[in-house]
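Common to both upcoming complexes is chain A, partnered first by chain B, then by chain C.
Let's look at the complex of A and B:
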């Protein structure tokens, strides 16, 4: 659907960018982005920006192969519901370009594709204008035959880029995409603070459980603003603060006492999960984060709490 | 008297060599800034006070203990208590309980998870380690090990030099053991969950000495040999993890192995475990050239069954 020429122009310089960046630093981190003097937090530890960048990268290299399993165990499978809800709030439409940042293992993009498939399935059923029970079987068979080619045909169902700092995470994502049969996803290794994309490239920018790990959150928000088209939507799913003191106490006890030991038992890595739990507490709360999003230039910024504030969806528009 | 003085001071100062050899009254003896011992009291870079004891406020805010979260008004002062040694992770009783159950389940479900067996040993072994420490301090060779804190890995031991020793020597037998069973002295994980640097060293020494115990006892690393060594270690050290391994290991024996185990290996192991001197007191690094038969005779170890 997109004119081939235009696609080539935007893709070629970006790919050159991404390749050079990843081999140069051995991770997605942008060179020269991080200072060795400015202090920030790594969990509860005080470190320089450069150190934090390296440590975060190391955490994700370590956890990549057990990442999905640990997510299931730590959240009691609830993270799946959160992501389902997030994507339904996103209301995927065909012919929109999506950028999923810190989307390494592909949870968001695979759900996005599922939504589009079901949406197009519904459209075919409606268009046929015959009783549902006879058409659903027809359209399901035709859907399965076209699903292999939905990314190859001229009528592309989706245009998705996934950007992540860690090659290991992207590797897991690519494997899952192959297993599920999703083709045509663009897996890019890059830094949320310096995205290897042109200005105004995307209709939608999502980041799920990733912005907490960015060294300078405001810079990542500014970058999000930059790569979005006017009218584009920014959506962020992230752990946030629980208001209710009793629930917060229980949540803290669980986080600090159960999650790191679980990380040790399942993945042999206490430290990464200790970092995870501490970084959640260091992240700004719902209102503060909303203000940060507004500072980047987004308007109509809203947020929605999930599970009493354990997670929150923030949404803003570039208008 | 040295014994009591040694125990209390060793425990407080992390076994600094200086304290035992310097005369009393010398104030330099207590200078702990330039020690060369393997287990260092690493001050956490995040804290301003590097002393052992932290203020009550930071105790409350210590991760893994106390309240478990930082009250908003004290957030800027949240400091973690420093680890007691490199690779130390502080854990409270609840976390230890979870680690114990999780590690036991993981080790039983997947026997290749040696790290889980190690964790299990650390979380359940504190009483046994204390008793073991006391027994090592009592013995002259054992107390020297506790002071020197030697480590066994490929950078501390010259494996090539050991290879050149005479055939029956401890060193040569050790190399032969490593080669026959295709193991390396570097595969032992550092201790993480023992909350005392001295006991952590004892645990580390136990872990690193395991291959040497095999050598001295003459046991191979097949299932039978491992269970036999575990019995001896259990009877000598008292570590619950050793008892666990000794009891659960034989469940996976085949009938012929079980028969050999019951008739030969188990009685031998129990005899040796009960009568031999504590193997943890063998200062292996001083005995590389010694004949293995002499070592066995000195420690009262019955030759292994053929």
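Let's look at the complex of A and C:
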């Protein structure tokens, strides 16, 4: 069940965690974390926290296999550019550990790996070749999907963990990783509000289009702060608020009138896409979210709008 | 014929700038302004990553950035002026290498920091030299000598990174980094001229700094490929450029007075012609 070539060092405590949690709830969200009294919103509906957790989980179980296709259709393929830009802003480095939360189908981690591969290729071609590099240079240049460099455990190019609340989403991600030949990614089922990782484990924490689905965003931010090393970077890509009123009107019309029917036709699920669209509107705007990140303890917090504010990249450092 | 070419001395912007900059430097004795926060190019939708939604940095963050850049300088010899050097520097301080993300410009932030450091050092050193000269008359230098010494001192600070200085200059030449690069050299020129005693309040303020910038830049480039003992060729080059400036300056002055005389002559000629044509009846002369 566990992919070959995983690091064995810290696997044991995490295995125990994951096994206990995933069988207990079959969803991944931590029982006891959510109250049945406190109210929150699920799209435009008012529900209790526990209900929201369950509903969100159900949404992603439903949409998992059509998730990538729907992303392409809904955003007109622009989400790919957003994610490319997100990873290029991150500027991945070798010998660092990445945690991608709510990264079920693996979009961010695959780009991260590509980035590292190309960066290391450049370094090898440019620098004087050292003995262990000359053997891999040829294979890397000839076959871009070769996994020679990353399956060799003595020369790990990356150390990535993907955490998602939904097993189905992780399943899709595992399949895609197989198809692309990326090995050694750690797929973990878990809750962003209570991550199954130790303190100070990761160099970067990314969350793309996932944080608005979290029941208590501040808790997720606190957890992010906890699992990062000093100097670690938090980066979040999320839908945000459009300032320009004309553009906002057009965007609203498109979101509320086109996306749910499209969801019905393509994925057979109107309600899930209705939720998706509504949750975007309920999420705080750029400045408010920035303050929430600072509240969690991050510094040098900045944000950058993409496509006039339809999406935004927030970044903070644990310094 | 008392036609006078009145020389209009433009007060206003140049004088304001001159006094403000001079005053500003009195306040900025040891502040470091070499870190480029906003000089980087952004994506297609926004002007820059930092400007949109980043408040004024706290002093703590600014200090930390400076510490990281200071720790990264030793790695320039091995990694050049790049993100790698910053990542290595951060790691020596105990931070994750991802902290390089705080410097979106990458290598150029390191270059700007170093440049700012050197400018501040020069500022301090020139002040001390002036003070020493006040106390001891023998140490007084002529303007050109003073400037030559200042330029040499500043360029000597780059010797430590001589091997990778071409990389630094290439980074500065990039269009997105040019505003900050121009700011750096502008501040440097202003420092040197101010301490050399320039208090001009007219267009000379610009021309003096522009000329010195040209001399400085050409000397810097000459230094890049200089292999002589202690860069003797570079200093000789610099002295030749400065003496060129001197002689050009004298020529320009003479030319200006010549033009003044020529102008009078032309005016006289026109008035004579008008008189002869009988069109000068309303003459006030």
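In this text, the second predicted complex is superposed on the first by the 288 of 319 C-alpha atoms of A that agree within 3 Å, B and C clash if a C-alpha of one lies under 4 Å from a C-alpha of the other, contacts with A are read in each partner's own complex, and residues count from 1 in each chain.
Rule of thumb we're sticking to: contacts are C-beta pairs under 8 Å (C-beta built on N, C-alpha and C of every residue); 3 or more make two chains touch, one makes a residue touch a chain.
Remember, predicted model here, so these are calculated numbers, not experimental data.
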Clash-or-fit label for the pair chain B, chain C on chain A: fit
Which of chain B and chain C A:96 touches, first, second, both or neither: second
Partner chain(s) touched by A:252 [first = chain B, second = chain C, both, neither]: first
First, second, both or neither for A:260, with chain B first and chain C second: first
Winner by number of chain A residues touched, once chain B and chain C are compared: C
First (chain B), second (chain C), both or neither touched by A:286: second
Touched partner set for A:181, first chain B, second chain C, both or neither: neither
First (chain B), second (chain C), both or neither touched by A:307: second
Smallest separation in angstrom, by C-alpha atoms, between chain B and chain C in the superposition: 21
Shared chain A contacts, counted only where both chain B and chain C touch the same residue: none
Touching residues on chain B, where the partner in the complex is chain A: 45-46, 63-64, 68-70, 78, 80, 89, 91-92, 94-95, 98-99, 102-103, 105-106, 115-116, 119, 192
Residues on chain C engaged by chain A in the complex (per definition of touch): 42-43, 45-46, 49-50, 52-54, 57-58, 60-61, 64, 83, 87, 90, 94-102, 104
Contact footprint of chain C on chain A as seen in their complex: 85, 89-91, 93, 95-96, 203-204, 228-233, 286-287, 290, 299-308, 315, 317, 319
Chain B-touching residues of chain A, taken from the complex the two chains share: 44-46, 248-249, 252-253, 256-258, 260-262, 264-266, 268, 270-271, 274, 278, 281
